[in-house]
Amino acid sequence: MANRHKENLPITAQGFMDEFMRLKRGSVTRRHFLTATGLGLATAVMSRVPGAISTPAYAEDLGSQMSIATWPNYHDPATFENFKAATGVAVEVNVFGSNEEMLAKLQAGATGWSLFVPTNYTIATYHKLGLIDELDLAKLPNFSAASENPRFTKEGQIDGKTYALPKNWGTTGFAVNTSKIKAPLTSWKDFFEIAQGEADGRAMVHDYQLTTIGSALVSLGLDFNSIKPEDLAKAEELLIKVKPHLFAINSDYQPAMRATDAWMTMCWTNDGAQLNRDIPEIHYILGKDGGEIWTDYYAIPKDAPNKAAGYALLNYLMDPKVAVKEHTANGAPTTDSRVLELLPKEIVSNKIVYPDEAALTPLEFGAAVTLTDPGRAELMARFKSA
Amino acid sequence: MGSAARDDIEFRSVTKAYGAVTAVRNISLNVPKGAFLALLGPSGCGKTTCLRMIGGFEQPTSGEVLIAGSGMNGVPPYRRPVNMVFQHYALFPHFNVEQNVAYGLRQMRPRIPAQEIKRRVGEALEMVRLGGFANRRIHEMSGGQQQRVALARALVNRPSVLLLDEPLAALDKKLRSAMQIELQTLQRELGITFVLVTHDQEEALSMADLVCVMSGGAIKQLGAPQDVYDRPADLFVADFVGKTNHIQATLEADGRTLRLPDGSALDVGAERNIGAGETTLAIRPEAIRLTPGGEPRGEGFAGTVTHRIFLGSSVEYSVSVPALGDFLVTADRSTDEGQLVEPGQSVRLGFDPAAAHLFPASHAAQPEGNTHGQQT
Amino acid sequence: MVTAMLLGPAAAWLVVFLVLPFIAIIVFSFGERAPEGGYQPAFTLAQFANLGARAAAFANTLTLAPIGALACLLVAYPVAYYLAVKADPRHRMLLVSLVVVPFWTSMLVRTYAWMYLLGGRGIPHLLDLVGFSDVRLLNTPGAVLLGIVYGYLPLMILPIYVSLEKLDRRLLEASADLGAHPFSTFFGITVPLSLPGVMTGIALVTILLLGEYLIPQLLGGGKVFFIGNALVDLFLQSRNWPFGSAIAVTLVAVVVMVLLIAMRIAWRVAGTRQVDLM
């Protein structure tokens, strides 16, 4: 899961810093950035001074500060402020562009994170590398295994032990501006054909091996997670043929879609919901030939400097009343039936957020092997440098 | 008004102002063809500005400069028939000696054939005795050699007028004297008009056949070196050109009797037409006779030697005379008996009144008017 | 003793933040990628043998960097010339600071501004109003070049300005005095003598461009792939540290060569060894 955005919300100081840090690292981009520069920077820095106001003590000593690694605009900003008011712990938010990048940081060590948000297919690797701890569910009373949909939670458990708790799930489809593209699209095969035809110079694919290679494979009738060299060679041939016709290879597609520089893009659920809400002619489509379904989890790094606060925040986020605000803010579907009951009807009935079961059937979860397969990484490099 | 046919350079009422500062004030000047003119004066006197107006690097604020009879207002440097030897030479560091000298010839239109350029550059380098140095880089050359390259680079273009901006200032004394002779010889052989800017009066007197003394943007005196030295037009010229002793005195109504500060009277021999009143008497150090022994009633002034500077062929004495101040006296050892006077000894000083110059006291207001004149 | 004490912090800083990391990168470059990514010790030349896998990125970088530097030069030289030679000396410092001031803003912010200007709501929209429809500027090689010229302009202007400012004006007068038209003086004297500054600027801009990844990413739509982008991907996406290190070591070697060649040319033409890198 790479970049997720909420273009319409006014950017907060915290959000600005998140964006700024993300941009500095060179993972791609945000348009809010321009409007929020200048004085915004100073404001952002000022408001980040932690522990200025102290608040009631928790049962355990949580310290005054912790940090979380997550995705851009993936939380209700009020969540962390409320958490601080309740516990006195200021939360520093680090945002990332890809799971690979998160993994690279954790492998390098000394991240300082006490909580992070990995996607389903990476958890086995984190476990294998010994980078995450088994969760002590006794410290997470707000979590209710019974109300979770096992379809979206199973990858958090390894050998019967729980290593990660689900945050939300989602899909990877594509968004199409139907005022520009008249041809009806229903599959990834259509996507790559129209990208070379009616949407020549106007289509975007992710700068992300899992979805870009996976969707290309699917369009060719191959397995989304394939690492077979012969499959990858076919996907590479297709991608390199399409490349001259693309507008960009970039996981930050909302600005270009909103400016109608791009007419069509690979897209995640939450972005699709946001684009469609603001610009109704932009439709979100799931490939009938396949695509990705995913779950994002919360996990605690083994070397977390403040595990107590990490647990406290995770427990806080598992509270349905808190989670409902998070889902309202980021637009992604919940895995927890308690939250589903609390969500407003217009969200639950939105077919982009909660598609029919039939539409989900052809989708696959990403496989752990794609994360570390050198063949897919090299394919991506050849595609981008072609 | 000079005639265009005779004069290579003519200044007609030329004024040059930089904002509120006037560097050159209403100068008129004619330089005949083939002359060696020295513009002499202290820094800031306007001599360099005059040279740069001939070269075309400055345009007069009013008036006009003519070269070989043609008005030069608005004519850029690269269209003028003059060449300049710059202070510090301004040789092109990225070219070798040959390329430097050939530079002017390469600019000429119609183009000069490469063979011809090579020949003329070779000749020019021979002329300045740098025959074997064509391929040297500039930074490999000594100061004196660079000076010759600069000269060759200018002369190879056969200009009507050669401008020299303090050309010898960067050379040591011995090399400087050698170059002075060389420049003079070159000028005579080529018959080109030379205009030299210098603050060194010795250099001006020794090389030029026409000296123009400038001060405060104006010409103080223009004449042959000998005239300027022997008959300075005013106290400034007397001071700046050579060394001078001053005596402040009062001229009586008869125009020939001077009342000295010690109360004595001095007859200057002939009536001077400068009006009675406060007067400065100027006398060259070599015009003063120094006689050992200090009989109080002898001829001239009694004094005491305070310093002696032995110069080989001559000796300079500093003599303190009560009520009149310090005097500088040059004794020529070839005409004197050759016997040196020791500091502390009493002496008498005398001079021929006809060799003394009298200037009205107003001229003495010059700040440079110190007792011993301008040293170089 | 005092010198050693004064130099101590700087030397320590260099060792800790420059020498040690570089040694680490050299060590990594002979290692192997661990199965889950990262580095595992080994002694193999496999990473260097595999450099060909990024040949396209090297080729892109080694063509666009000099082209970018030259484009930068074409814009920077007249500006530097104006500042150093033509501008009123009273306003010179003000004008020079105007060149430098944009540098105080993050390169990222300035590049973002261009993204907006070149995007569909920017210049193409204005062109559309006057009848040129469907002009695409963003995510083209031209946009990348524009971003490069814009972003690196001060680095090119300043060294050229310095060498033009140091240029002895009497040389220009001497050239004019010897009959050279201002045009000939410019190309025969001014340009060769400002070459140390020009080469410094070209070296600086080229070297930085060899490591550039932001501008191709933002203004090239990720379709223009530089060595810098390859490095970012190798370290942050595929976590192939040994291969990334081998590329970084190769890049450093290329940079050193560029520097040596640039300095050699400048020395030769300007006839002096006084060529300084700012």
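Order of writing sets the labels: A, B and C. Residues in every chain begin at 1.
Convention: a contact is a pair of C-beta atoms (placed from the backbone, for glycine too) under 8 Å apart; a residue touches a chain by one contact, two chains touch by 3 or more.
The model shown is predicted, which means the values in this text are computed figures rather than measured ones.
Participant: Can you tell me the least number of steps between subunit A and subunit B, where a step is a move to a chain it touches?
Facilitator: When the steps are counted carefully, the minimum from subunit A to subunit B is 2.
Participant: Does B-C or A-C have the larger number of C-beta pairs in contact?
Facilitator: By the number of C-beta pairs in contact, the winner is A-C.
Participant: Which chain lies the greatest distance away from subunit C when centres are computed from Cα atoms alone?
Facilitator: Using the mean of the C-alpha atoms as each chain's centre, the farthest one from subunit C is B.
Participant: Quick check: how many Å separate the C-alpha centres of subunit A and subunit B?
Facilitator: 88
Participant: Need the CA-centroid distance for the pair subunit B / subunit C, whole Å please.
Facilitator: 55
Participant: Return the distance between the CA-based centres of subunit A and subunit C, expressed in whole Å.
Facilitator: Using C-alpha averages as centres, the distance is 35 Å.
Participant: Mark out which residues of subunit C touch at least two other chains, giving numbers and ranges.
Facilitator: In subunit C, no residue touches two or more other chains.
Participant: Which residues of subunit B touch subunit C once you look at their complex with the stated criterion?
Facilitator: Going through subunit B, the ones touching subunit C are 55-57, 76-79, 82-84, 86-88, 90-95, 103-104, 107-108, 137-139, 153-154, 157.
Participant: Over in the complex, which subunit C residues touch subunit B? Could you list them?
Facilitator: Of all residues in subunit C, those touching subunit B are 168, 170-171, 173-182, 184, 188-189, 192-193, 269-272.
Participant: Which of the residues in subunit C end up touching subunit A in this complex?
Facilitator: 33, 35-38, 53-54, 56-57, 60, 105, 108-109, 112-113, 115-116, 119-121, 136, 138-139, 213-214, 217-218, 221-223, 225, 229-230, 232-240
Participant: Which part of subunit A faces subunit C closely enough to touch in the complex?
Facilitator: Spelled out, the residues of subunit A in touch with subunit C are 23-29, 31, 33-34, 37, 98, 100-101, 103-104, 107-108, 125, 128-129, 201, 204, 207, 209, 243, 246-250, 255-256, 259-261, 372, 374, 377-378, 380-382, 384-386.
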